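In order of appearance the chains are A, B, C and D, and numbering begins at 1 in each one.
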Amino acid sequence: MKLKDIIQPLTIWKRVAEEPWTIKDPLTERPGADNYRGFHQNDFAKCIGCGSCEEICQNAAIDLVPVEGQEVKDGNSGLRPRIDYGRCCWCALCVDICPTGALTMSNEYTWIDDDPEVFRFTPGADKTKWQDDEKGYSRSEDIALINFDRIEMEEKAPEDRDKSFIEIVKGYNKEQAMLEADRCLECGLCTATCPAHMDIPAYIAALREDNIEEAFRILYETNPLPEICGRICTHKCETACALHNNGEAIAIRWLKRYIADQIPAERYKEVLGTEHLADPKIGHKIAVIGAGPSGLSAAYYLAILGYQVKIFEALPDSGGMMRYGIPEYRLPYDQINKDIDYIKSLGVEIQFNTRIGQDIPLEDLHQEYSAVYAATGLHLGRSTRIPGSDNSEVYFATDLLRKFTLGQDIPVGKKIVVIGGGNVAMDITRTLARLQNQKYGKVDITATSLETEDIMPADREEIVESREEKAIIEPGWGPQEIEIKDGKIAGLHLIKCLSVFDENGAFNPKFDANEKKFFKADMVVESIGQGMDLSYISDELKEKIKMGPRGRIDVNEGFQTSVDWLFVGGDIIKGPDVINGVANGHIAAKAIDKYLNAQKK
Amino acid sequence: MKEKDIKIIEKEMKLANEGLPEMERDLFADDRPSRIEPLNKYLEQFLNWARARSLWILAYGTGCGAIELRPLMTARFDAFRYGIAGRPTPRQANVFIIGGYASLKTIKRIVRSYEQMQGPKYVIALGSCTINGGMYYDSYNTINRIDYYIPVDIYVTGCMPRPESLIAGFNGLKKKIQAGQCDGMNKYADNFDWYKANQKQIIKDWNMPDYNW
Amino acid sequence: MNKISESKYKDFVADRSKYPEMENGKPVIDLDSHKFTKIWQGPQHPGVTGNMSVEIIVNGDEIVDAKTHVGYLHRGFEKLMERRRYIQCFPIVCRICVPEPDTNEYCVSAAMEDLAGIVIPDKAAWLRTLNLEMSRVAGFLMWLGGQAGSLGMGAIGQWTVAMRDYWLDLFEEMTGGRIYHMYMIPGGVRKNLPLGFKERVLQTVDRTYKLLDDIERVFLNNAIAKSRLKGLGIITPEMVSEYGIVGPTARASGIADDIRINQPYLKYAELEMKMLTSNIGDAYDRTELRFQELLQSLDLVKQILNKIPENGEIQAKLPNVLHWKIPAGQTYIKAESTRGEHGFYMVSDGSKYPRRVFARGASYTHAISVLEKLAVNITISDLAALMVSLHTCPPEIER
Amino acid sequence: MKEKIDRLRKMVNVLQVVEKHPDLYFITLEGNQLVMALGYLKNTLNFKHLAFMQAVDYLEDNKFMLTYMVYNYELKANLGVNVFIDREESSMFSIHRLWEHAWQYQRELYEMFGIDFPGSPRVDEPFIMESWEEMPPMRRDFDTLAYSQKTYFPRPGRETNDPKEQMKKAKYPNYPDSPKIRRDDE
């Protein structure tokens, strides 16, 4: 032992007068750090109740509970996370994964109580003193546990596609589809928004597990036209996607297409387990009018229920608007055939070139068939009725598209104006642009709509692609007059449209007459919506059928009219779009089944 | 009441100490815990005032929570100034801090240490694990709720609760003591059989006396 | 022990080989002879490092046999991880070692990245290195207080634990958590450094230097510490590999094995550091070596702060973590914690959940085999000092 | 490293070699040659440090995989040695004579997996668990959540809702399920 070792420790006495380290009042002096992971906060304005927080919580601390005042809306389940502080470990994974950024943490950290039951609360709904604290943990922009960016879809370059009608979208390859499917959070918010309530998370999950056949079966549970819907569906589901709030929604439509593309037509029956169905055995025969999406959907579900179904179609081929309204570059005919051929292979008969009402009276069908499902669609063009619209060079978009598909010659002007901002308007614009390209080697077509670009009803990509194909889109103008010179069209006069809908959301456009525009043109196409043609229903029958507002037929939940054997659905009731038609067909098929079963008893 | 009946009742009131081998049974008492009844009102108030000012905690770090006891008891937070001190043995302590999860092996020691503490005694439970299992809710070796085995007076949330939370917990306990509402110990005496049954349900080899005062 | 009395250690070792009688290399202990008493030290005992217990048999105050009992903190992490998704494993592992959680976080995240083939961005690697080194500082400070406290020098414990608290403040700022940081998420880290963080770390480093300067005088050069720690629990170089001893405990016996230098991970290859070893291997040597390592860690923190790039990604792109699958494989990731080699062995089977995760705590053997051997022939009062000098951390033993 | 494994090959039958990293190899050996191989690795090839030994339960193959992680101070490299043993009558040769601390791992494996190591000191003493009566908990067929819920009184009052089901209840409760495909025998 050295003396130094005894003396040296004593030198510490020099610190005796230093300021103590002790915190005077720890309860008030020490707020948590700026990004401290304290107690939870939830911003109800952002929260959509997707349940990702519940899903990622490794302690099973989060429950989703309904909260008063939070309604169920499209893309919002109305449920809110309820956190059990008897489980939570403050890891903030729930905050990191929250797709909307609603869930955050304050830097408050003190909560004592003598009752263990109170440590369970719904941030945002239950009053807490930290709900509005600004400091605390929130998801850093630099990290992401989920991927907000969609896998880009490859398309043909504009210069490769603007002359022909080959399909533009290439479709995902396996790797891309897997990556896209991987982004799904499996919250299931999309299912409610889809008119057909397809089980989207389930088929995406099956795809992710590389189980294409299972995914395909899930598709057919609610939608017998996956190839078609996988291409041209209006994909309302994608607007409800949880990722849509902060990034790009899952490409649900393209994934559906990918799944359907993977199964070759000859394997359909094997995969779906319907090999035995070719010969229906249940006695009832059912007639379906119109081989469009709704008719086909109803026919499919009736067929797998074992009914003998016959479809009557006025046109020479099946598909309705899908074939005669949508150009081939969006929906190739072989894909339509793939879906429809499968339905036919289940024993569904289609009689073409037969117009009910003209060739066979509707009442006659009832003699032979136990029930009739009429899904005749909207095929009549609607006119703007502005001066000059009665000119022979003014056409309806639907007529042109139908004629073009039928192989007839359609007029192609050198300078064309299309009136309308919906998908049909884009379809005719791009079809005519291609024909102009083929005929004259250049494009000169303008599409104009009342709605400004942000509220144009057409799909965003349609507008973008039209522009890529050198068509001019001029949104926000109201057509006034088609100028006619010497019986020929000279052009279209327009005025600025200020708003389309009034405060109540009703169609009531307002214009600014001072701001004018004039498009030179030698051909005008009107595409401002379609009307239904109910002339096949005889007057006698019409009296029996209860009609609803605006000339629509009144139907019950199961699309049954007041004439009990007649079911009506599709675009003439709801829509217009394919997926609503499919949904209607599905519901009607089940309703017909129920109706016939009830009759039996 | 006949003398015989009294004897039977007395016998029923005795604990069997079944976990102990025959020769050791005599070494341990077989009395049940008894309630501590408040004394005369003013005296009790004074006692509560005094009790609230000398919280001596048992230095038994039963789980992660022990890690924050060290900062609490050292220079930075210096809990000694609030009358909080650590004691090495249960006999000298009157506050038991359950530091989070309690494993099967620990809960046995917790019960025994708790029973050895002199009344009036208080329990502070830290963290999620004591409330509903916390992150070990699915573990085969940790209990989910401490209040099934010993009575708890104050819960402090957090994982881990910071020393500041702990100080807040102590303040809450003090208030409760001063108001004379800390009756965890009496609860234990009143529901002794229930607690014992819960304890024995998970502690399979009960090789200790039933009550260990 | 016979060997020791003739070797270079003989100056330090008291001859305590009288009891008990040995028979075939095993002590003859007859409890009924009343020569021996069995005592449990722990789990409820201020002198044990955490919640463990040592069952000792004493003769007088000399320990003749010791058995370590663990399991008081067993939560079954490995089982729990088998039913948690990969991302969900990362917040729970830090609970495996409470004083120094970051090593666990790093190992489990790195194991996932290794199996999934993810390379973390440069800046994330730097931030992880900083976090690990800071946690080593905090861990050493905690240990230093414990070592002094085990000799009855409570004041030093007061200083170091309070100083550690200043480091915890830094962690809180950096990661959002005080004790459990949950910072090293698979793929990178969760947050960038806050503004002005570097300066605050440097201030704390300086403050720590000042404190360590005091402690060196008060504790390391203290006659009491020297006389009690010297010769206590000597670990010979042969014992190191026989008993799986790692870290500073092994280095104090002259085994030059530091994972940061020998198998550098993260950014340690870019830092200047030298292997610290010593050659006697008693408790005092270990204490001094750890003290030097603490100084070295402070120096590393300063180096890292100078080298962290200003900009850059902090997280590599992960697949959607809700259904993250890792291809089948196995890996072993290790890191140098304050106690030594801390490793995670992870086996994946291509599903969403790990097949098996095993956490190799550095003190797994220190607290059991080694302690049981070294505790023999020392006095009860030295047992606590010995335990702390082996730097045992019970939660990482039983997990 | 390769050279060392080649030397090992001369001694024992090496079934598989995986290079995970230049300083981390995994080899698979036959169970009955394990002790010899480990002895050779330790004494001749200088893999002196046993970092750990552990088991992995492959329930579906009815096998346990034992992993011995050894480390060479000179090479600065780890070598993982895997052997597969039968799960039903799981037993393995003890290596407590090779490393003084190996008995700890063997005792843990005996308790947590039920793998026996005959001859290993204190192998059947309880290690971590106390009064454990169920099957060894680390076996994959032991359901820890079910056991916890059965035994430890989880606090009642928790209930959760699935967003998808909630929206169905609120928005389209009557939407038909997909019709079942008619079978011939119906």
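Observations on the structure shown:
Basically, a residue touches a chain if its C-beta (ideal position, glycine included) is under 8 Å from a C-beta of that chain, and two chains touch if they have at least 3 such contacts.
Keep in mind the model is a prediction, meaning the values are calculated, not measured.
Compared with chain B, the chain whose C-alpha mean position is the greatest distance off is A.
Of all chains shown, D has the CA centroid lying nearest to the centroid of every protein CA atom. Separating the CA-averaged centres of chain A and chain D is a span of 47 Å.
Chain B and chain C, compared by their mean Cα positions, are separated by 32 Å.
Between chain A and chain B, the centres computed from C-alpha atoms are 60 Å apart.
Between chain B and chain D, the centres computed from C-alpha atoms are 39 Å apart. Annotation for chain C: residues touching 2 or more other chains are 71, 74, 76, 79-80, 83, 91-92, 162, 180.
Listed for chain A are residues 21, 58, 84, 86, 89-90, 116, each touching two or more other chains. Touching of two or more other chains is recorded for residues 128-130, 137, 142, 144-145, 155 of chain D. By the touch criterion stated above, chain B contacts chain C in their complex at residues 58-64, 66-68, 70-71, 74-77, 86, 88, 90, 101, 103, 105-106, 109, 113, 135-136, 138-142, 159-160, 162.
Listing the residues of chain B that touch chain A in their complex gives 75-78, 81, 125, 128, 131-135, 137-138, 145, 147, 152-159, 161-165, 167-169, 171-172, 176.
For chain A in complex with chain B, the touching residues are 20-23, 26-27, 30, 58-61, 84-90, 109-116, 119.
Within the complex, the chain C residues that touch chain A are 84-85, 87-89, 91-92, 162, 169, 172-173, 176-177, 180, 182, 185, 187-192, 194, 214, 217-219, 221-223, 226-227, 313-315, 317-323. By the touch rule above, chain D contacts chain B in their complex via residues 128-134, 137, 142, 144-145, 147-149, 151-155.
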